[in-house]
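Step one of this worksheet: look at the structure below.
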């Protein structure tokens, strides 16, 4: 470190970074690496031929691993004063934890991508570049300590995603998805910015630390400024959009369905993690003084998305859409942690995010593998009898479904357990009760996915009592095997799913593995 | 016992499942051998456990139930003691986000919140006079199931693996002494059961499977909340934050919940429910669904009538006991006062199940459904005995749990045999089969008699003690419940006579020869085959042995029964003697 | 200047509402884009006003960032719109409704 | 008595029939018939021998200690001693012990002795039956259960034997299981018995929970000797059941009698007996004449210490008994099935015994049981011969003139009839006169009971001699009857032995208020049952005697007048008092009443549960919730229109809501 700063000070005058203190640069090293990666991939894309090369994914993977490595390093160092760029950014363990989840998920996506892109015939180099750019945005978001940085992070996260959503240029659905995502996203960010503006106006600061201090004073004096509260409301709305919590989720199902499966994977997990990171930091930390004000509305949003997501998912017959609604429901569960706001709430939320990363990545990865030329095979009819053709895949998918449903033996169980206990400890009984009621509902569709995979039912388009249709069909899906997609996952993709499955189970049996990480965690929030 | 026998008992089936995974699915013979061996070893181990447990002269005076949060309960003795405890730390948290917390209560007390209390789970295993018997029963039934499992069963390997996994789950539920661990096994056991249900059985299985899982889990989720609730309620009242069952049981001596508040309705004032009551109800709901008690039984007939025989042997035999087990182990010990408060309700539900199940069984035309409803009726007795909250009732309940496991398994095997031979489950289609299959008729007769509570067969002992226990609490309930015995005689005879007596009748067969031919060309024989005989023999033997000489079971269940009674009496609002039919001033209990 | 403070805020609020309504009612993606820009600029106005009012720089910096981001958003948007146009569909958002329940 | 000897003997007595049953059952009917033919009766006769030895060893003792209790094993004990981590808690406890005393030995003699004869008879009767081995398995099981019943010293094992008897009788009644009527009859018998068992069990509960010892402490015992020691009058009375008030004792008495009534086919649990005639005739002889149906009499006699404390219950017993006796007698007069007639006569005779024990004439009741066992078994077996030679025709209208073809059977049957109707020097005469004498002596409280009891004599002799005339005299009325032949010796010898007994056993106890009193029998039972309370005065007893004999002869005379001479038209009653005839012919419509009052409602309820409650309420609730969720889903998804405008609009709307709620602090 000392050498590094010495090197900087001795750097030639034209070297841009010489005026930047070294520890600031070290603090954001992962972001720098990813940023450099963006440029690197862009250049490499020009150099290497398009079709069927593995250079770009490899390069991307290396970049992500590098970022991950530095993040781990920072975790180990565990700087006493993690705030860098005078209060703009914090690489505290809270941020680093989120970084881990984001980077790991992205790695999985990168491994899945080549095969998928080849099958879908859209091997474009800029794909990886956009991916990395979005990751950079997420990393920024994880540690943002300033409203401006938050905004930058969100946009840097979103804009590449808009492009990725419409990445399959040729067919119409992705275009529609991208357009919806873009317009609604812009719409939402309008609210977000305006909310930030109001907060800034009422507190005179954009730094979260400063804002918190101001709010603490005003809260003590019991003077709750309506404009400030309005700002908080708009801020919440904007973030709720990003985490796709009902009733601000409307883009989610269509975008998930329209975007390529790999992008959906990335979107559904990494985006949610980053967005929730900032959500938690802002609400359970920065705006904590106003908890009495925002707690009930946030709780209501949580309940709405739990109910809406789970109930509508019951009516789905496409796994991607089903997972979209389940994602909305899961956002609701994590929202419990936000609404509780206390340390255990935050802990539980982080735990659930990690769990969510494993199970949801796995579930989407299965869909990715099943995809064929031109389309993603995620209709129930296409999944039926999967257990016959691909027992391993079907088994893993069942694991993910059970985990999302919150069964023991899987990481999902402890996720829910910690959230509920946090809610009860905080006296938020309604949240917990709605939580379990909706979990009960969620069983209906998660279990049905398993049922369909294991009993080769030809068509389950119709909703009414499909289980009765499942009736006569015997275990062998031979009837449907013909129509069924021949899964061409390839080794690496299968490995990813396997890892996700193993992780889901291992963490479900040894929750301590993650929880001990959360033990030492610290949140600089001001 | 120097070595961790309980952990081993849990691991053996697990390793067996792993082993089976590497066996090629085509080698059905090998699979069956491995399966039988593993289950047999498990049975052997559980018998070792049994012997070792009985070798303990009598539970040593209540051991100190450890400490939690550094606050020790040395002053309290857990009224219920456990043997062969093994405890391994599972998750230990110091609770709060270290640097988060000071920031939150920065100077102002408006948001001055303490961090979360530490969460401690542990792999804490142990047994008492209640669970050892159920473990042995479980091991036996899984062995029996392994024996009756036909090698022609489709996807034999998958079936075997799932079977062993569910054995792990069941035994885990019976041995766990940590609420979280308990819930963990409780739910995890459902997963293999779900796959077993949707994979094998008649055409209604898919519906039955989802119905069963959603129904049971919906109930259990409330229990999950209640588990967390117990943790916090006990914690806030006693400062002991723990999920450790013995500690919690001991701590209940501190927890005060008097029905002080009342609300009035129609001019009468009723005691308002306090947290303990709600927690009790949440647990009770989960267990009532599992047992199942009327009216929470709608999953049962479908599940039982659509399942395959080997599956039903352990599903009906042991899984339904877990609910009753939970009532005794958790409701009585963790909520003594609520147990007394809700005693009439639960006894009422028990009696309702007895009569309702019996009546429904009387009207069924599908023999599997007759047995299913008979099971409901029998388990009603168990719950009735449990909530008599006295020694006789509990002893009866414990022994009746074992009995019911044996009887119901045997009944399903018998019914399955008829189904396999004549491809029908309609009572009306069959008749007079004693001519064609005399041995089967004889065995079935014994089983049916055990089912209707024939003396010198096992069920009589349990039902007698249960009724005696219930009679002390309220003669009226006991008398009404005893109507169930009469009805049991009726529907059992209806089934037995319908199948084996009267003019010979079978679908597509008029005279004896054609019946025999029919069965022979379907499964190669008409009367009992050696394997079926081997499967039924131990069950029938147990029926007779327990019926003629039940003393051993009682001798070692009575300590636990007495302990549970003591545990629940901590919360008794009224002296128990007031409820018995004895002259005032004399109490049934306490007269040594 | 501070006397005008509420005026600027009301103006920005008005702009924001106009933009929002524009998003809600117009069907041409380009116009919708302009409306979104309007909303962002309303936010900018508010930021500048507050910056002036609170005598801090942060607001103005924020505004600059917003402008930059808005620009990049438009770039992506236009690219998408041309994509849609190339695929031979009318520039009508209601056309883009194949995915629904 | 030498305990070890008795232990061995009682083990043998109980063990042999059990062994016979087990061997037969476990070999799955594969044993050769000859072996079974020897083994089946053999074990029972051996048990009889052992019983005789027991009797002798008992008689060798002074009357004061002829009772001995032998414990076999601890059945279960749920009590917990203190110090084992719990405080002491008393639970249910019982052991398997037998009681050997005059009363039980008497019963054992009858069960094994007459039972043995019937076994021998069955070898001939069932010779050609497909289920020969099964039959003897059941018969042996029945003997075991019956012995267990009478020997048990604990309430629990009394109940166990009680229920096992019920099962054995079920198995034997439904022995020819391909006859639907037999199957139904068996089920009917079993269910009725179980009703009785429940009564017995509840009575046992009351005793167990409430009986107090000398010190006023609760005893919690099911040991019958202890119970009797503590319920009796005397020092501990106030600690006994009495302490709880007469109500409890009465309740116990009545609950116990519920069991007795079920076994002894007394009203209201009597309807199973006539149907039980579906079983093979030896079964009827064994179960419905000699042993099982008399268990009720034994029970009341055994528990007389309780009934002595419960006058109300005793009165109920007596009234039920006499009522049943009258009703069954009336019914018997109009039946045509030979076995049913005898069955009703059994019901009626047992009614008299119940009446006797009800009024406290215990030894008289037991004596009537003893003689009745002999002549009623005789009647059934003789009837069996007839039926056997007529190829299972049981209708007397199809018989006639058999006296010529089946001379031996005819005379045996006649002796049985004479004994039954109490014609002097035959066994029934002595027992019945003693019974009625006692009835009158204890009667004054209830003289009309005695009147009824005596008048039953007319009916008795009428219906039995009606059978004699219709079946044996006159001309054959069917070709079977013409081709009837005498039974084989194997079936004839037991009959004749019984005939001999029916003639002589009466002399064991001659008790006509003092003339030439021979009291072997009552003296033998005296240690258990105590002596008859009050001796009737000579005048009264003479009157009773005279009345009894005269009325019996009157009955015979009627038969003679109607069927031999035709002085009275046969259809006199059916013409003049049609209602009476119909009432009698239809067995007072009890079956119909129960069908309407109990069976149909239960079945209706069951079908309602299955057809209405189960699918609509129980299942409907669950599927209903599932459907609600489905509907909600369909409603909610309509929001997801796919139109961006709608999305933006809803988004905007909720944003504004949030703005308002938070900004105006509505939450």
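Note that the chains take the letters A, B, C and D in the order they are written out, and that residue 1 is the start of every chain.
In this section, a residue touches a chain if its C-beta (ideal position, glycine included) is under 8 Å from a C-beta of that chain, and two chains touch if they have at least 3 such contacts.
Only a predicted model underlies this, so the values are computations on that prediction, with no experimental measurement involved.
Enquirer: When contacts are scored as defined above, which chain pair ends up with more C-beta pairs, A-D or B-D?
Expert: Output for the comparison: B-D.
Enquirer: Which chain lies the greatest distance away from chain A when centres are computed from Cα atoms alone?
Expert: D
Enquirer: Of all the chains shown, whose C-alpha centre falls nearest the centre of every protein C-alpha atom combined?
Expert: Per-chain C-alpha centroids compared to the overall one single out B.
Enquirer: Could you put a whole-Å number on the gap between the CA centroids of chain B and chain C?
Expert: 64
Enquirer: Taking the mean of the C-alpha atoms as each chain's centre, how many Å separate chain A from chain D?
Expert: Roughly 79 Å separates the two chain centres.
Enquirer: Determine the centre-to-centre distance between chain B and chain D, using the mean Cα coordinates as centres, and give it in whole Å.
Expert: Comparing mean C-alpha positions, chain D is 38 Å from chain B.
Enquirer: Go ahead and note the Å separation of the Cα centroids belonging to chain C and chain D.
Expert: Taking the average C-alpha coordinate of chain C and of chain D, the gap between them is 97 Å.
Enquirer: What parts of chain C, by residue number, touch at least two of the other chains?
Expert: Residues 20, 23, 93, 96-101 of chain C each touch two or more of the other chains.
Enquirer: Chain B: which residues touch two or more other chains?
Expert: As it turns out, chain B has residues touching two or more other chains at 214.
Enquirer: Give me the residues of chain D that touch two or more other chains.
Expert: In chain D, residues 626, 637, 640, 642, 644, 648 touch at least two other chains, as defined above.
Enquirer: Would you please name all pairs of chains that touch?
Expert: A-B, A-C, A-D, B-D, C-D
Enquirer: Which of the residues in chain D end up touching chain B in this complex?
Expert: Chain D reaches chain B through residues 25, 28-29, 73-92, 156, 159-160, 163-164, 167, 174, 177-178, 180, 183, 186-187, 190-191, 194-195, 197-198, 201-202, 205-206, 208-210, 216-218, 220, 243-244, 602-603, 605-607, 609-611, 614, 617-619, 621-622, 626.
Enquirer: Tell me, which parts of chain C touch chain A in their complex?
Expert: The touching residues are 16, 19-20, 23, 29, 32-33, 36, 39-40, 42-43, 46-47, 49-50, 53-54, 56, 58-59, 61-62, 65-66, 69, 72-73, 76-77, 79-81, 83-84, 87, 89, 93, 96-101.
Enquirer: Can you name the residues of chain D that touch chain A in the complex?
Expert: Spelled out, the residues of chain D in touch with chain A are 626, 629-630, 632-634, 636-637, 639-640, 642, 644, 646-648, 650-651, 654-655, 658-659, 661-665, 667.
Enquirer: Per the contact definition, I'd like the list of chain A residues that touch chain D in the complex.
Expert: 179-180, 183-184, 187-188, 191, 224, 226-227, 229-230, 232-234, 236-237, 241, 247-248, 250-251, 253-254, 293-294, 296-297, 308, 311-315, 441, 444, 463-464
Enquirer: Quick check on the complex: what are the chain B residues that touch chain D?
Expert: It comes out as residues 58-62, 79, 81, 211, 214-215, 294-295, 297-299, 301, 356, 359-360, 362-364, 391-392, 395, 432, 434-435, 438-439, 442, 449, 454-456, 460-461, 464-465, 467-468, 471-472, 478-479, 482-483, 485-487, 489-490, 493-494, 497, 500-504, 549-551, 554-555, 558-559, 561-563, 565-566, 580-583, 586, 588-592.
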